Amino acid sequence: MAVRVQEADFDPGAELEALTAGDTGIGAVVSFTGLVRGTGITEMTLEHYPGMTEKALAEIEAQAHARWPLQGAIIIHRVGPLAPGARIVFVATASRHRKAAFEAAEYIMDFLKTRAPFWKKEAAIDGTARWVEARDTDDSAAERWK
Amino acid sequence: MAVRVQEADFDPGAELEALTAGDTGIGAVVSFTGLVRGTGITEMTLEHYPGMTEKALAEIEAQAHARWPLQGAIIIHRVGPLAPGARIVFVATASRHRKAAFEAAEYIMDFLKTRAPFWKKEAAIDGTARWVEARDTDDSAAERWK
Amino acid sequence: MQVLYFAWLRERIGVGSEDVSPPDTVTTVGGLIDWLKTREDRYAAAFADTKSIRVAIDQEQADFDASIAGAREIALFPPVTGG
Amino acid sequence: MQVLYFAWLRERIGVGSEDVSPPDTVTTVGGLIDWLKTREDRYAAAFADTKSIRVAIDQEQADFDASIAGAREIALFPPVTGG
């Protein structure tokens, strides 16, 4: 199962290499990396629902495989405290052609944003902390695949 | 100018790292890597139009910057002989939000496919060689941005 | 049954999970939340705006009118914000 | 002016570039191609299907009816297939 939830950082280059290694039928690889934006914050903490998180991500990945002809896909999501600029999430998809790889990566991100049980809490430079609110645009992004 | 045309291979991980280094306003990085599909071929040779290639890629990148709020973008395209599985092209875009990063990367690839003066010649396992024909689907992919 | 709370719901209620034994008249997620609200002020405060509450029953997303019969684990949380 | 050929057009014509001096009556890209076709059979063969020919004047994409007046470098090539 190419789904990982972890506190540790990951290496996008190594993940891309592993995704395509030994399969010369792949013509297109798309990756998405999500980073902690540092505007006004000192730290971002990711909480999640252990058990359900992995199931939700695996199901999103399975749905992408059912919908597009993919030779491979990977989803990595970090949890715990993260500094500004740190990597949060990595999604990569491999296919024969670029359209499938692009669409599948966007699909996975849209559903990850609306279905996977993660919550972000920001510690601001003024010492306050707040839970990040869900964005309506994320819901509408997921709706377009219906 | 974040545009490179070269015979040498490149390191997607290092390129992604360089694209985001020191800018904590970036929240989303999308990359596309194109690979030589090995089905029935022993080698793929990329010819290009030196001078015009760099200008065409720089113009495509500038148009992506004009159209989306990007913190950075890079286009690398290899030329010369390439083995099955080899990297051909790398495009990466960085923005605050994922929608802009995804759209800009797709836009760059669509126009690169239809506007940048590269030509692929395949050497088949049966000893024959043929120039790859342009695909109508690439033209229609570029048309959608009009 | 086990009830789990996440993010600001966890913080407002003060625990991440607890065993609860609602009466037999509580048959749905919505009923469970109404019953929790009667227990203590911190629950009433946490669940004041149910539009901001999402539900999973045994780790699958569910609606407020979903039955809780036989459920082992019911999770209540704000809209997710990962990615 | 310099004329450049790429990919199978280069192979069929047998050179990658050449200096040409068309008569003054040749004023457009289309006219240049028609004039090249009269020079030798290999040009006539290479340009038999002009639907498969693309043009750049001084490294900018152009159409067949574009003027070649003042052009330093005219490139003729098949539809591009990079990426």
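Per-chain numbering from 1; labels A, B, C and D assigned in written order.
Note that a residue touches a chain if its C-beta (ideal position, glycine included) is under 8 Å from a C-beta of that chain, and two chains touch if they have at least 3 such contacts.
What you see is a predicted model, and the numbers here were worked out from it, not measured in a lab.
Engineer: Under the document's definition of touching, what chains do chain A and chain C have as common neighbours?
Structural biologist: Shared contacts of chain A and chain C: no chain.
Engineer: CA centre of chain A versus CA centre of chain B: separation in Å?
Structural biologist: One centre to the other, that is 23 Å.
Engineer: When the C-alpha atoms of chain C and chain D are each averaged to a single point, how far apart are the two points in Å?
Structural biologist: Measuring from centre to centre gives 72 Å for this pair.
Engineer: Give, as an integer number of Å, the spacing between the C-alpha centres of chain C and chain B.
Structural biologist: That gives a centre separation of 48 Å.
Engineer: Roughly how many whole angstrom separate the Cα centroids of chain B and chain D?
Structural biologist: 26
Engineer: Which parts of chain C, given as residue numbers and ranges, touch two or more other chains?
Structural biologist: Only 83 qualify.
Engineer: Which parts of chain B, given as residue numbers and ranges, touch two or more other chains?
Structural biologist: Residues 34, 98, 109.
Engineer: Following the definition at the start, I'd like every touching pair of chains, please.
Structural biologist: The list of touching pairs comes to A-B, A-C, B-D.
Engineer: Could you please specify the touching residues of chain A with respect to chain B in the complex?
Structural biologist: Touching chain B: residues 11-14, 16-17, 20, 23-39, 84-85, 96, 98-99, 101-102, 105-106, 109, 137, 141 of chain A.
Engineer: Under the stated contact criterion, what part of chain C meets chain A in this complex?
Structural biologist: Against chain A, chain C makes touches at 4, 6-8, 56, 59-61, 75, 77-83.
Engineer: Considering the complex alone, what residue numbers of chain B touch chain D?
Structural biologist: Result: residues 34, 46-49, 51-52, 55, 77, 88-89, 109, 112-121, 131-134, 138 of chain B touch chain D.
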